[in-house]
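Quick heads-up: structures coming right below.
The following pair of complexes shares a single chain, chain A, combined with chain B in the former and chain C in the latter.
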Partner chain A sequence: MTLKLKLHTKPEVPLEADCICPDRMQSLNMTEIGDLVTYHGNRQVPLKNFFECSGEFDGEIDIEGDLVNVKHIGSTMSFGKITVSGNVGVHIGAAMSGGEIIVEGDASDWVGPEMYGGRITIKGNAGHMVGSGYRGSTVGMQGGEIIVHGNVKNETGHVMRRGLIVVAGNSGDFTGVNMLAGTIIVLGEMGIRTGAGMRRGSIICQTKSELLPTFTRSCDYLPLFLRHYFKHLESLGLIISDSLINSPFERWCGDSIELNRGEILLYAGK
Partner chain B sequence: MKIKSTTIVDTFAEAFNMYVSRVIITADSKEWAIAAAQSITGFATSVIGCKCEAGIETIIDPNDSPDLRPGVSVLIFAMDAESLGKRLIERIGQCVMTCPTTACYNGLAGGSPVIVGGKLRYFGDGHQISKVIDGLKLWRIPVMDGEFLVDDRFNIQEAVGGGNLLILGKDQKVTLKAASAATKAMGKLTDIILPFPNGVVRSGSKVGSKYKKMIASTNDAYCPTLRGVVEKSELDDGINSVLEIVVDGLTLKAVENAMRVGLMAAIKPGIKKISAGNYGGGLGQHHIHLLKLGF
Partner chain C sequence: MYIKLTNGIVYDPVHGINGEHRDIYINDGQITRKPSSNTKICKTYDMKGKIIMAGAIDIHTHIGGGKVNIARMMLPEDHVNDLVERTELTRSGCGNAAPSTLTAGYRYAEMGYTACFEPAMLPSNARQTHMEMGDTPMVDKGAYAMLGSDDFFLRMLASKKDQAAISDYVGWTINATQALGIKVVNPGGISAFKFNQRKLELDELNQYYGVSPRDIIKSLARAVTELGIPHPLHVHGCNLGVPGNLNTTLETIDAVEGMRMHLTHIQFHSYGTEGDKKFSSGAAEIAEAVNKNPNISIDVGQVLFGQTVTASGDSMLQYAGHWHAHPKKWVIMDIECDAGCGVVPFKYRDKNFVNALQWAIGLELFLLVDDPWRIFLTTDHPNGAPFTSYPHLIRLLMDRSFRNDMLSTINKEAAASSTLASLDREYSLYDIAIMTRAAPARSLGLKNRGHLGPGAVADITVYSNHKDKEKMFSKPDYVFKDGVLIVRNGKIVKVVNGGTHTLRPEYDNGIEKSLKRYFDKYQTISLSNFKIDNDEIVEHGNSKIIVQPCM
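So, the complex of A and B:
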């Protein structure tokens, strides 16, 4: 039976709830789960002050309510599944290494920062810094997948090193800024300064985009490896058009102010 | 036992434990996929002289292929896992990577992985790129027509090799026709290959030789020209041609089934006997008795 958490009191200031995590909740009874410590602003409060707990933990946690002000859900999780029926606050899935988080609504900034593994699916939009490194960190996301069905804001995949970020809508500015490796796929449009400072890695976009002058056009070709990504995305419920699968892409290499080993692939079909 | 006018000899095929890998080759067209498959399975009739045995298993429809392009499935067998890993690197590197538009994927779900793409990647001279997609690592190696895509690892599993049928006919023409009918029927099966040219071998061998350096030599007991010369010929009067079909398969059951299908298809007028080759039973781990094949 799934553990159900229902928000009964909306936090007035951000509530840090990194205790909402399968790793922290396994082997606890309902009383112990209710007593788990959260931070409401700078005050320690038990989880039960904000959430009604029911059911039984079997590896899955369902959360209900408007969680815009609830931070760090699923931080450092390594297994299990969290489903959020609504919107969610910042730092969801921070540094997670396994398991799955599904958000039915929108997510705020910092989705999956510095994550190592697992999958985060946002059915709505997400904010800035999806899959990024924290300010001052030299390495961001190091594995796993972040799938956003809607749009994202700026600096998606900042200093990302491994893993996959997919944006079914549009992405903001500085997509893949200072990227070290990994893959970002944007099925909508990208903002400006895509891939600025990237060393390695792939940024793939379904639409044309104006790139920085430090990127050089290599060729038009049919990147076969994309079919594997597209097949994978279809298995995750995203709709990929046949034209995208069968069309050539422009390959741009850069950023020449860095290693020049990164690539931006822009759809070149009609 | 006799079926129609053909005698099924009460004997057994002596088969061996081997190791196998399934290699999926795709290309822009079926023709190029087959070209690469023919190349990778070339000079791979017998482990005795070729270090491995290989053949085309089946043609793959684009809808069933890993990258939605026409494909060919190839099985490669060797006597040990380490040797098979080496053969995969050599053959994929020289025969598939070189063929225009191709990509190459592991086709076995089970077994133990060996690194193949992860070694071929060095051909990229530092420009190679790896991608992990849904948990599987692929290498993108830049080549002159774009990129060669290859799985990092290929699985190797235990298998059975050396299942065989000996078709003994009244003349070469009739025997070849029966052998062709058998290989045609067996060619429709999956999980097996027939490693010899068109699935048929005429130079069956026995263990050892009068020459010290030879580990195998002609199977004189089945050579029609040596009847009356060798001490013990297996050929009766009226048998003037013998052809062999060798079967390697993923499992003993697959080999047995292929032998049954082949045997039934080879029963034709003029085929006097169908037998099987063995070495007295002391070498191979599997004894496949013809009369227990279930026809």
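So, the complex of A and C:
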């Protein structure tokens, strides 16, 4: 049986609930789970003040309610599954290293910052800084997958080093800014200044996009490796058109103010 | 309203009281003589068996100014790993090497410190420094204005302006920036770095201005003497961290020609070039020179092992050290063309030869300098270690067997090349009371602090006499600030705001004419906005400005 958490009181100020995490809830009984510490603003309060707990923990946690003001759900988790039926607040899955998080609604900023592994799926839209590094950190996402079915805002994959970020909708400005390595796939449109300061890594986009002058066009080709990616995305429930699979891509390399070893692949089909 | 501390064992070096049973009376925030017998004592604390000292004073700790903020912004890991919850009294915070302002204030008070001094306040950055210090609760504070690599001063020196004009400029700077002293960092070197010089010896010329560090130190030391500033020129000398800089330091001591000078974090300036690794301890030579020259005082800048962050105005040295950054990120920047700033996170490792020897050199200095009145206990927070490691450092000084145990765990080669094992000296509580209370207060010219005589401000710390000195000094039983009980059993019981210590040296205001012209031509802010008003400091959370007299 899954553990069910239902928000009964809406927090007035953000609630930091990094205790909602399989690693922390493992082998606790219902009273102990209710007594886990959260921060309501800067005050310590037990989880039960905001959530009604039922069921039993078997590795899965289902959360219901409007969680827009609930932060850090699934932070540092390493196994198990968290399903959020509505919208969710910032820092979901921060530094997670395994397991899966599924959000049926929209996510706020900072989805999976500095994550190491596992998968986060957002069925709605996500905010800024998806899979990025915290301010001051030199390395962001280091593994795992973030799949967003809707749109994302700015600075997706900032200083990312490994892993996969997929955006089925549009992404904002500075997609893959300063990225070190890894893969970002955008099936919609990208904003401006894509890949600014990128050293290595791949940014793939299904639409044309205006790039910075520090990127140079190297060739048009049919990247075979993309088929594997697209197949994987189809298995995750995303809709990939056949034309995308069989079309050539423009390859741009940059950012030449950095190593110039990054690549941006733009769809070149008709 | 009289408060009496009775039955305690008092250490008050200013009055030569070495562990004697004395009663202490507090009235109106001050220590007083024993009142007449019909005066009502409102509160009596029984301090049976407890050690009573004045509140401790940290003469050199980076708790404000731009560089600390850069360190905070650059090191999210330092915050994540050290979160401080809010309590009913205190506010939340975070950070170990670069703690938030509030947390720094609370932690200092909980260790029995009642005053802290920021040693590197850049004049153009003074407003931020004072705002940050204003946000640091519990303790008194003050700052030394940093001169020596600023364009206006170097121009004056290059054009051979007479000393009186330079003294006026120094006096004006102290008044304008509400400083308590003058510091010079890598004299002329920060400026030389911008003209592509990567090192600057004491007698080497700054290529652009044609002046040498020796000229700068001499000129500033003279200005400090002429203005009657109580704290001697606070010198962070040339060649910090460079093997062989021991000779530079000895030459610097000679350079001031008998004028008073404070050499700061001297551990980083006491390296020789002997041995296979061309890195050795110069502590013996430095200690001998300090012992011989009564005009010199030092603070050590002890290194203790662990993760910290180095923050300095010395961009030349920080650039040279950035290759060793851990975690790998760093900032070197210019500030208003008047100085620089470098922030490099660093991890001192006990198994690393150089780090282990640095640790030993610092301790050798502590043990070889005879006069505790001229050597102060610092780690150059956060450059050598965070200030929270002071109790550990005190135990290393007071407990020889503990010191030798620690010595046996560090890098073998470093331990073998150090004379530390042969040094038997153990600091007494009286020595500690001198070096952490009486001596810093005297050096800074704080007449009514650092002692427990009548008329002193009632900043008092009371410890239990544990055998484990680390335990003793990390958790005082009582701390009084201005006669108010603020800490009980190492926990804050009342939050107060300390004052800001400043000076008002006299100078010829005619200097403002040429400064006005200079500011209009070159500076980003006007002269009138550059100066910091009393009200700005008071309104921003500080309870008061305390003007210290000049000599």
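To be clear about the criterion, the second predicted complex is superposed on the first by the 270 of 270 C-alpha atoms of A that agree within 3 Å, B and C clash if a C-alpha of one lies under 4 Å from a C-alpha of the other, contacts with A are read in each partner's own complex, and residues count from 1 in each chain.
We take it that a residue touches a chain if its C-beta (ideal position, glycine included) is under 8 Å from a C-beta of that chain, and two chains touch if they have at least 3 such contacts.
These numbers were taken from a predicted model, which means no experiment stands behind them.
Visitor: What does the overlay on chain A give for chain B and chain C, a clash or a fit?
Guide: Here the two partners, once superposed via chain A, fit next to each other without clashing.
Visitor: Output check: A:Arg162 vs chain B and chain C. Expected answer is one of first, second, both, neither. What do you get?
Guide: first
Visitor: Quick check for you: in the superposed arrangement, does A:Ser137 touch first (chain B), second (chain C), both or neither?
Guide: Touch partner of A:Ser137: chain C, not chain B.
Visitor: In the superposed arrangement, does A:His228 touch chain B (first), chain C (second), both or neither?
Guide: first
Visitor: Would you check which partner chain A:Ser202 touches, where first means chain B only, second means chain C only, and both and neither mean what they say?
Guide: In the superposed model, A:Ser202 contacts chain B only, not chain C.
Visitor: With both complexes superposed on chain A, which partner does A:Thr183 reach: first (chain B), second (chain C), both or neither?
Guide: first
Visitor: What is the contact status of A:Gln44 with respect to chain B (first) and chain C (second): first, second, both, or neither?
Guide: second
Visitor: Have a look and say if chain B or chain C is in touch with more residues of chain A.
Guide: Higher number of touched chain A residues: B.
Visitor: Rounded to the nearest 10 degrees, how wide is the angle at the Cα centre of chain A between the Cα centres of chain B and chain C?
Guide: 120
Visitor: Once both complexes sit on top of each other, what is the least C-alpha distance from chain B to chain C, rounded to whole angstrom?
Guide: Across the overlay, chain B reaches chain C at a minimum of 24 Å between C-alpha atoms.
Visitor: Starting from the residues of chain A touching chain B, keep only those that also touch chain C in the other complex, and list them.
Guide: The overlap between the chain B and chain C interfaces on chain A is empty, containing no residue.
Visitor: Flag every residue of chain B that touches chain A in the complex, lowest number first.
Guide: Checking each residue of chain B against chain A gives 66-68, 103, 127, 129, 131-134, 138, 140, 146-147, 149.
Visitor: Using the touch definition from the top, list the residues of chain C that touch chain A in their complex.
Guide: By the definition above, chain C touches chain A via 73-77, 85-86, 91-92, 327-329.
Visitor: Along chain A, where are the residues that touch chain C in the complex?
Guide: 42-44, 134-138
Visitor: Can you check the complex and tell me which residues of chain A touch chain B?
Guide: That would be residues 162, 164, 183, 200, 202, 221-225, 227-229, 231-232, 235, 245, 261, 263 of chain A.
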